[in-house]
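In the part that follows, the structures are each spelled out as structure tokens.
Look at the two complexes coming up: chain A is in both, with chain B in one and chain C in the other.
For the complex of A and B:
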């Protein structure tokens, strides 16, 4: 009699809440951070992890023709990565103005534009034929296919001018996860500084989430409000790690938005989910194993409603944690301050630890100067890797590289330089390892020359100029003995990367009406010249007998 | 050139016998013949350069083999069919002599066609009698040849009227005196099922997807609204696939290559509200989908049903789980005992509606086990067969027990192969003819070496499908027809051919006119003047001759 009951209990225990054959898990997390100048930084994180004890490798090369079964992972993205043999992919699309002096860093993402890098299995690996190399040469074929696929998936023009934007850095962008060891991989990095993000990019992004924008934290992502903000961006990061329990693939999708309640409400910096996003959370996502909202508490007197379930403190920062796993009716979180109007003058900012300022000086013709100022505000020296990618028409003169520390010229802070000169159409790649002294300002200058580009290669608005991608600074550990290839960059999520702003460079432009002028001029010349010569050759000269008027002798 | 003259200069020049430029009037530069020679030399240069310019501005248009393409319509594919009739233990010798003739007449009628189009079948009938009357079905079905079918007549009562196993057809004759009349009809239903409008109605014809050598099958477990509760959050699809779908795919592997992908969706909202709640006779409330609603069921804007990675055509299979507050959901034309409602969207895929128990909000989420998926996947299997064109098996024929492991009988498979082979041959011939007429019509369309190679390859493959070729079994005809179809599609859709298609002629005139018109006008005017002067001279000379 008890046996069926026992069996039933056993059966119920063996069916987990989500019950997927591979252990798939989806977590969502929203962090709200009020910034010192009255703005609010909202960071959404959607992390899907799949751990498969059977498979040791993520996208097994031999498995490409096998069926692909996904439950929580987005099918389109996974199929794309499998088709092009990519174990690790990072894509960021950001727009707006991020203020690093007041807001800190946007979590390892660039400030403006699109950036994409991936570790692609080398195509000389076994079973390396097939649709992976459609256009382009062998190795570039997979990267080309991957960018085309991502451009189609996210409705962004990521695949334009790929040859002019793709580099393969040697020291930078080390893999954040593990790469399968039985085959070599190659790093491809491309950035599009002038790419903007719009609601058309957010819609397919939300379709990749298990609960889309119908339940859970993603309900808050209102495109109209998100793209009205001062800074907004999204990112997709895929990596694989090889733990003792087998392989684990992690797909992390992020959306970051910086709102300005002071501007919107006209002076007050209180905010709530409803006032920021124009939406509240009404349902919890059934596919999520954990759904958490975290609010970082500022130091001033404030009021947080409703009362949080938990309070955590890490590094001296207090956080209020709300669990959104079971949401009954509407869930709205709000924060209020005691003041009437927000006063910008009373705000104190803590300067960030590393500040980059970059400028390209010079007119549109002649030599220009690239000037980079790296400020280290910490009281101890730091070792950093500075990576600069410039399009092929800007040639740097490396022999003119000069370094100054606090105004004094010094030679010894550059530890290594890796330089790839530009070969049209491939861009320049400059990677410099520097040791920044404590509390100092390091000023790097280099002369650069701007080349002429062809008439058809100019952009439609040629007088605006070209956008130069941001330079990236990677903090390295101080111990210089470890080789750069094995360095773990920042935290597990690449938090330490710091991006500079993009630059605008003015190239000498031709007169675009010249083809018309040439046609007109040559036609006119030909007509006049030919006409004159022909007439000289074929006209007959005759003597004209004029009616004689003897009285008038001279010609009048 | 206007003559600048002054009376003084003119007078002086005339005295000296010169013109105003200081050249003697007798200098050959003033003579008519010189001028004619100059104009003529200009025109000779123009005429010599014209072919060079034409050659350098022409586009590459290699000649297509139009004669061979024109002859394509006259060739016919013939499918060889070998029928061995075993009269078995039918004792009547008389019958054994007349029935062969009757059978041949039946089949001749078959060839002329009763309703619908029959494929061109070339019959080869051999009749034998008095062989060992064993049961061919109990012998192992190994070593069966393609294209050869066997008819066995048996008089024992143990046999039903018509039974089949493998490529054998057993016909049970109750007494040895007369043979069933409908043997010819049954044979027609087995060999050419598409011509029988009862077995294969026009609705079934319109469901069949276009032929493609590769297909992608996308299976989706679509929950309408998982937040209400009672949703299906996962399924044991790998097991269900290997049990129900993969045997069919293995059988169809000669025709198509299949790639499978599957996903689970939690929020697949419908764009309309089903009719309901309606209560039927038992007082059970249910929601219904009308015919119109079934045709707009798929919400392509919101549902991402497939990864768009490759260009292969996709067949979608959706297992739809309605939301817990709108259950159970049935289609309007639901059979009483049928558990899973399903419908096919022609040439696109199929939908099966699964109503799990748990009709209230807050019911626990379930995982669909392979046992739960048995019913839906059997429906998916039959939907897949219908979409790929597998014909219906005639109901009067009983299939033996071991047929159920492999759901498609060899008769159906052969009929499908013949149909697809014919379709491919016709489509590739059409494509080739279209290429020729397009290239003839559009002057700007280039024809490169790769297009020529593909056209030649397609023609060679089409040649190999005719009976004149040495190899002509069904599988080889099918393989060649697939090659021909692939190559002719590649040639037709070759992106290189549309490169210069929209080159506007105004561009050409805009560049050439300001350059060549000022050059051409004096040349033409000079030519016209010379011709007029020559005519005048001839007339004057003729007049002078007359007056002399």
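For the complex of A and C:
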């Protein structure tokens, strides 16, 4: 009776030893940032690091025969990364329009809609194992499999119109971490401007966390409040770094929310965790090695409750730090201002250093004009990489590309152009390296043509128009001699990368109820013509003697 | 020698288009769907030149569909500057009109004065169907000049330049290949109608066809050399057959294949591509006595049923009609045909505007006007065909001619 139980216990005990030993660490971090216009930006970060001192390789290169055991990271995610040979992966889902003028440009992707990019191992033969079969074949197949997997994992329609959206930028989206050097990797990037985030995406996201939403800062993630906010987004970022202590894979999961306490409270900008999230932190997550709540302090007079245990200063910004590692009772943090009403008129905004604005001008026919305005507010010149991805039915005419600096035409600011014309149904990819002069506004204009597409290629809501994905601008090091391909663009948690807003284009539509009519009418015309010609060519001409008085009537 | 008054009219028309090309009207018309198709648009030509000069393969994307020979010409000899383009397009139209006059002279009156020939040339230049595409700098105007020049050499019974020019034309307008048969017949039996079909020298015909094949292969080789790969074949010739770009034009293909069910697309592409082919043999057999007339009819069929027509295709056909004054009396329904053409000429720009600019009409409006235009062209061809057959029989009092 006791022997089998003891054996079972023994067996259970030995299982971790069979797999690869993993050093795992989980950290969670919540930053609350009061914004100048009275809103509050809350950024949740859940970082899991897995280091494998034995092999020092990312998941995907670990021995396939060997089982992979992780205690903090869910299998559903690690298995995806292993199956599709992906050392680096970024997925972000955002809704709402990020206002860089008022809210600044913090790190992280701010693209409206969904964006996904990954570095996938290029030339390794598919292993032919279980789940990799079929859609895992080849490199493009791996990307497709990865997309399908993530779409299923996060309940997002990422895998729709894959081919129409996937590009492989040549200069942009360099890896944020390291790539294993012994196999080549290929970049895939896709953006879905009309896909937005909602509860069905957040629920599976929370399930991937070790404490779910039951303890730690994840307790605050109340979908009713998060999706009521002005802006909300989530992201999953996986990267591998070749550190000194062997390889290390970092999985960073983020949720960002911009609340408007002024709207909720009716004129006052005071806030607390309770008022923002309708929840408080009651328990700390035991799996977290560090659990920190940081509040960035505004410059004006304010009152922060409760008093923080620690104050930090970075880049001239003071931060109050609360350690959530040992939360005994209910933990609530709040901020108050010494004012009765918040006055928008007194707010002064500091414009960000780099701004992009984009518009497609022109009527529905003929040529439209794609106009991009890049503003550099720094007092020194900057090099940037401008990346435009457009669906195949928008043709750019690059010979009409014109650049103006503060209203004066200048061609010398374009340093390089990399252009991949659209091949239906693959999108256009345009990457331009620009040198923005100090404190200047640069206008880029080029003509574009909206194409005519088949009636089956239109979306179900064809008259709504097509969302064009946002353009991206990457700041580059000023030193022009270093090749942009070698510089880690977009490194460091997407810092500095900025996105334009999305555009909605109205394509000329055919009449969707007409297929039969058109086939019938056009075919009738062709048949009529053929019949007449056939008739004329094959019938014999005969000369008839006409009695003069009867005329031609008889002849017919 | 005093300046002859009739010469002033074509001179004036040429000067007028030279001025208009340089005016702001030309850029405004340049991307009009009726004047320039994706295969002939000047904007796309400039884009192709830009890509080519930047070292990007212009045939990689779907924007540039001009032939590599055109590309080579415009990157080396003819820079796409406004003044140069205006000169080239004016000269091409002048050449086309002159060729038309020459052909007329060779057919009707080798020794008569040039009055009627000049009238024909002036009509070609004054025809809005020809003027519009020239103002839009559509390369279809250059194609017309090439076709008429080729025909002129054929009429003068010089096979080599005729087939050389036709081979060149087939690179910018693939359906022109169908005109090889009547062209060789003209070279062999002259431009005029004869009572009995002449005996055809099969050796000479074979030589001309062989020469055509040789030139085509040479041009294809040159194209591949220019483009750097065979990619141009799919983007230029392939586009004529596969219709990848569904930009509206006055032809019958674009809306048909916009609305086509996906599983029927290959079948109908094949049908529409092969359809003009079936007319070649019957028309050439029926008009053995008058190959120039067979050429005229086939040109009309091609311009009606080609995949990317512009108005200049119809303009050329209407202008060629002037070469055959003997058939005018035998038209059965000239008034109906003329009214159909008038109707189409009014409806096409109007409904195009209503659909795409004003947004008050939908695609069916413009489709309906292209149907009317197709009907007008078809009616012209059928009526010319009947009148052409009928005119060979002639008139005699008390006798009538019927078809059984």
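As a working rule, the second predicted complex is superposed on the first by the 472 of 556 C-alpha atoms of A that agree within 3 Å, B and C clash if a C-alpha of one lies under 4 Å from a C-alpha of the other, contacts with A are read in each partner's own complex, and residues count from 1 in each chain.
As a convention for this text, a residue touches a chain if its C-beta (ideal position, glycine included) is under 8 Å from a C-beta of that chain, and two chains touch if they have at least 3 such contacts.
Quick caveat: nothing in here was measured; it's all calculated off a predicted structure.
Participant: Is A:272 touching anything from chain B or chain C once the two structures are fitted on A? First, second, both or neither.
Facilitator: neither
Participant: So, does A:542 touch the first partner chain B, the second partner chain C, both, or neither?
Facilitator: both
Participant: Thinking of the overlay built on chain A, is A:222 touched by chain B (first), by chain C (second), by both, or by neither?
Facilitator: Neither chain B nor chain C is touched by A:222.
Participant: Once the structures are superposed on A, label A:164 by its partner contacts, choosing first (chain B), second (chain C), both or neither.
Facilitator: Once the two structures are laid over each other on A, A:164 reaches no partner at all.
Participant: After the superposition on A, what does A:375 contact: first (chain B), second (chain C), both or neither?
Facilitator: A:375: touches no partner chain.
Participant: In the overlaid three-chain picture, which partner chain does A:452 touch, first (chain B) or second (chain C), both, or neither?
Facilitator: second
Participant: What is the contact status of A:520 with respect to chain B (first) and chain C (second): first, second, both, or neither?
Facilitator: first
Participant: Under the stated touch criterion, which partner chain does A:415 make contact with: chain B (first), chain C (second), both, or neither?
Facilitator: Neither partner.
Participant: Kindly classify A:196 by the partners it touches after superposition: chain B alone (first), chain C alone (second), both, or neither?
Facilitator: In the superposition, A:196 touches no partner, neither chain B nor chain C.
Participant: Which chain A residues lie in the overlap of the chain B contact set and the chain C contact set?
Facilitator: Correct list for chain A: 519, 522, 526, 530, 536-537, 539-544, 546, 548, 555.
Participant: Of all residues in chain C, which touch chain A in the complex?
Facilitator: Where chain C meets chain A, its residues are 31-32, 43-44, 46-47, 49-51, 54, 56, 60-63, 244-248, 252, 254-262, 264, 268, 275, 278-279, 282-283, 286, 304-305, 352, 355-357, 359, 362-364, 367, 371, 374-375, 378, 381-382, 385-386, 389-390, 393, 398-404.
Participant: Spell out the residues on chain A that touch chain C in their complex, using ranges where they run on.
Facilitator: 363-367, 392, 395, 397-399, 417, 419-424, 428, 447, 449, 451-456, 508-511, 514-515, 518-519, 521-522, 525-526, 528-530, 532-533, 536-537, 539-546, 548, 552, 555-556
Participant: Report the residues of chain B in contact with chain A in the complex, numbered from low to high.
Facilitator: Contact set of chain B toward chain A: 1, 3, 5-8, 10, 13-14, 19-21, 23, 30, 35, 38-39, 42, 225-227, 229, 231, 233-234, 236-238, 241, 259-264, 266-267, 269, 304, 306-310, 365-367, 511, 514-515, 518-519, 522-523, 526.
Participant: Any idea which chain A residues touch chain B in the complex?
Facilitator: 15, 17-21, 65, 67-72, 75-76, 78-80, 83, 131, 149, 152-153, 207, 210-212, 214-215, 283-287, 519-520, 522-523, 526-527, 530-531, 534-544, 546, 548, 553-555
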